[in-house]
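The two complexes that follow have subunit A in common; it is paired with subunit B in the first and with subunit C in the second.
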Partner chain A sequence: MTFGVRGVGLRYGSVQALAAVDLDLPPGEVRVVVGGDGAGKTTLLGIVAGALAPAEGAVRRPAAARIGYLPASSGVYPDLSVAENLRFVQAAYGARGPEVAERRRMLLERAGLLAVEGRLGGELSGGMRQKLGVIRAMLHRPDLLVLDEPTTGVDPLSRRDLWWLIAHAAAEGSAVLVATTYVDEAERATALLLLDHGRAAASGAPDAVIAAMPGTLMVGDAGPDPAEAAFAWRRGRAWRLWRPDGSLRAGAGWRAVAPDLQDAVTVALLRGEMAARQGGAA
Partner chain B sequence: MAEPLAQALGVTRRFGDATAVRDVSLEVRPGEVLGLLGANGAGKTTLLRMLLGLLPPSDGQVRLFGASPSFASRRRIGYMPQGLGLYEDLTPAENLAFARAVYGSGQVPEAGELAELPVGRLPLGVQRRVAFRQVLQHRPDLLVLDEPTSGVDPLMRQRLWQEARAAADAGAGVLITTHHMEEAESCDRLVVMADGRVVAQGSLAEILAGEEVLLIDTPDWAGAMSLLERAGLEPALVGRSLRLPARDEQRLLAALEGVPHAVRRAPATLEERFVAIALGLG
Partner chain C sequence: MWAMIVKEFLQLRRDRRTLAMMVVLPLMLLVIFGYAASFDVSRISTVVVGPGAKAFGRQIASPLHLVGTDPRGDLATARSDLQDGTADVAFITGGARTVVLVNGADLFTARAAETAVARLTAAQASPARLMAEIQTVLPPGTTLSLLEPKPPRVDVLYNPGLKTALVMVPGLAGVILVFIGTLIASLGVVRERQAGTLEQLAVMPLSPWDVLIGKIAPYFIVAAVDLTLVLGVGMWLFGVPMHGSWILLILGALLFLFVTLSIGVLVSSVSQNQGQAIQLAMMTVLPQILLSGLIFPLASMAAGVRWIAYLLPLTYFVQISRGVMLMGQPLPDLWQPFLYLAALGAVVVTVATLRFRRLLNPAPGGGAARRSRTGAGTRS
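Right, the complex of A and B next:
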């Protein structure tokens, strides 16, 4: 059964936190929501996990006991040890027996946490705390696993462990939803959803999101003309310039290049800005 | 070559019995963006504090603008710590005025240019823009940015980068620490630390060193992943494909014998190279 949401929306006072968002979460696949601070990721994940009720739209999710949810706050009890944190969720989900103990041990070992089983949650490094949070959320083999920014601020070695846990949950058949601010993590999903001011700015498989980017992308060594500066950004020393109408920029040193996912995401956010400006002017 | 702005010459720092930084030499030159990479605990922050003149080395020497660190040299530095270094109870204009008073220079913002709320009540992206402005307004010769774009959306990240790059174009040296490999790819040079030492340095191309990974496609990625793990390999899941370092090819073929699969080669990502280098595997 595919979980997900259709046309969900939610306002906080005058702020439209989420508007008309669709998302499919098939079992055994990793889906990624990418966006910055305030884009609506946490609201969407809260709705998917059942922690928030949407004002509009429909949600399909399993029973609460079959959901694993890591909120943005990591969900780790600071005054319980690593082992106690996990025993607590085991008790809460009624998961017991030798098989669960073995699974707990295997996940802790693979995440590099076995040696710190006795340490208090509040004394873990950021990366360790996030890994423990993900293990807590997936220990009971949920049908739906919802992880709110598990990798933000985490170093690449911990990030590798976290993505192993995510892949392992998907391999066991969970439908997995991960929120992130990093575009390279969206490349690891079978499909991504880019959120911008609560709306879907792009969605689909990474290749499809790249293919759907309108206009042309140019690369050059000198800066753009002032009139086009809003559509230009830097990668390394070089400039990248998006031309919405698909035309090529003439001039020495400029050449057209194939966009990657970072470019496609940047352009989708630029288009959102353009639309907001035009809407504001109208 | 231009005189380095900041230099570590065989710098070591011990805390009691622990050695946080061992015999590290590096330099930041005018006009370049240098990326300092390392897992948590690799010694980046200790090295940064020594380079800023905030912590004396146990051995070796730090030079700032050709001399020992001093109050005069600190005035020529713009340092943005991970916590941004803004007063949350003050407005952006008040924060900027305070920094101008400390540094004795900087441009006064125009009326209406900045939000008139306390910084703590502004969105993270806006806070980061204010922090960038605060460290740039006295036109520092050396810019030190600790995880400068954590948590912001990709478009905002591009814009903040543009400001750092513009400072470098104007002749400043920029030293950035980041866990974010997309950001690291935009640096002119990279220095990778592990266990207090410099374990790799050079341009992006030099760090990537033409290394390749194997991309494995099978009808049943979860089954293949489990077989590979039983063989002691650690595949990463990307979409529905698995990735392994090229050096694992023989073990991969043995583990998937009789299982339908296709293997392609692809260039390793910086993140994959970083993990291999940090773990001492390549």
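Right, the complex of A and C next:
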């Protein structure tokens, strides 16, 4: 069964946190939600996991006992040890037996946490805490695994471990939804959803999102003209310039370049800004 | 539910400071309150001024305690003695009638002084003394016979020595449980909210009842140990008697504890942070201490305030603990406080369960994630 949401929306007072969002979560696949701060990622994940109820739209999700959820705060009890945190989750989900104990040991070992099983949650490093949070969420082999920014603020090696856990959960058959602010992580997903101010700015497989990018992309060493500054951004040492009308920029040092996912996401956000400005002007 | 209970126990065990506070504080409070909370006034500083000061001073008896006589003093001198704290009572002799000044700023001393002065006056006007005075003015040889009535015999039941501690300790056990139970339980849910773990509880397969009972259970056991300690020490140190049934007292105490802890958890579920929770908990604790009948009798409260007392669980626990321990009352005499306590418990637990349901099963636009947006690390 494919889980997901159709046309969900939610307001916090006067703020439209989420509007008319669709998302499919098929089993065995990783879907990534990308977006900046305040884009609506946590709201969407809370709705999918059942921590929030949408004001409009429909949600398809399994029973609570078949959902694994990592909130943005990692959900780890600071005054319980790693082992006690996991035992609580096991008991709450009714996951018992030698097979679960073996699975716990395997996941802890793979995440590099086996040696710190007795350490308190509050004494773990940020990366360790996030890894423990993900293991807590996937220990009972959920049908739907929802992870809210598991890799934010985590070092590259811990990010590698975290993505191993995420891929492992999908390989076991879970439908996995991951929120992130890192576009490169979206490239690992079967499909991504780009959120901007609560609305879907782009969605689909990473290649499809890149292919759907309108206009042309230039790369150059010098800065852009002030008139075009709104469509330019720095990446590494070079500048990137997007021309919505598909024209090429004349001048030395500028050349057309094939966009990647990061470019496509940046352009989708720029288009959102343009639309908002035009809407405001109108 | 078992998972929640074990988790809460583990967390309480880790919180050594709170645990120590829950065991040591009640005993400390009992000893301090038991000795300090006394309405018995045994020494009232007294001065006598005016021409007859020396002779009058010799008649001053306990609890009035003569601290000075001044035959040349007058009303102004006596007022000055009360003003500067030298004395709480001043007799001014030498006028048409003796005037007594009493310091009303200290209520209990003033009341005791009134009684002592009345007793002194009665002694001065006793029938024997009157007869002796009348005899001096009668012609010699006249015999005066007076039928002197026997004074009534007063038997004080349940607390013959009228000791404050005997009346206070059974109620103090309740005060201590209110302090410990409400204050500490009030931090239970708010800690989850601040640690950002409430959202996870919300999506776990736990019912509101599981979470409520899980939160209460460890404190319930610690508070039950506290109650045993407080009553044991109270009986040993202050000689509080136990005239009634232990089973009845334990039943009343367990019921009271359940209500108190549920109030604490309810307070916690409506608070956004620990500071708010403590403030709210104090707002439920203070009226209980002042209005439960522990210090001020319910009968002397204005009707507009007395109804508040009837909404407070401590009111009923004070009646139960005093009734059982001091008066040996059986259940037929105590069914009312038991019934009201149970009714209060039913209301509080229902509200707490509904509140937990709202917290854990979100309505549109609400839910644990929404309500903890101010909590640690939550992003939108």
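Everything that follows uses one rule, which is that the second predicted complex is superposed on the first by the 282 of 282 C-alpha atoms of A that agree within 3 Å, B and C clash if a C-alpha of one lies under 4 Å from a C-alpha of the other, contacts with A are read in each partner's own complex, and residues count from 1 in each chain.
FYI, a residue touches a chain if its C-beta (ideal position, glycine included) is under 8 Å from a C-beta of that chain, and two chains touch if they have at least 3 such contacts.
All of these numbers come straight from a predicted model, not from anything done at the bench.
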| item | value |
| --- | --- |
| Fit or clash - subunit C, subunit B, common subunit A | fit |
| Contacts of A:Arg235 with subunit B and subunit C, given as first, second, both or neither | first |
| First, second, both or neither for A:Glu84, with subunit B first and subunit C second | second |
| Partner chain in contact with A:Asp148 - subunit B first, subunit C second, else both or neither | second |
| Touching partner for A:Ala55 - first (subunit B), second (subunit C), both, neither | second |
| Partner chain in contact with A:Asp37 - subunit B first, subunit C second, else both or neither | both |
| Partner chain in contact with A:Ala205 - subunit B first, subunit C second, else both or neither | first |
| Touching partner for A:Ala171 - first (subunit B), second (subunit C), both, neither | first |
| Touching partner for A:Ile67 - first (subunit B), second (subunit C), both, neither | second |
| Smallest separation of CA atoms, subunit C relative to subunit B, angstrom | 9 |
| Residues of subunit A that lie at the interface with subunit B and also at the interface with subunit C | 37-39 |
| Contacting residues of subunit A [partner subunit C, same complex] | 10-12, 17, 37-43, 46, 49-55, 63-65, 67, 69-80, 84, 87-89, 91-94, 120, 136, 148-149 |
| Subunit A residues within the subunit B interface of the complex | 28-30, 34-39, 125-127, 152-160, 163-164, 166-167, 170-173, 181-184, 187-190, 196, 205-206, 233-237, 262, 265-266, 269-270, 273 |
| Residues of subunit C that touch subunit A when the two form their complex | 2-4, 6-7, 10-11, 14-15, 195-197, 199-200, 202-206, 362-370, 375-380 |
| Sites on subunit B touched by subunit A in the complex | 38-41, 123-125, 147, 150-156, 158-159, 161-162, 165, 179-182, 185-188, 204, 221-222, 225-226, 234, 236-240, 269, 271, 274-275, 278-279 |
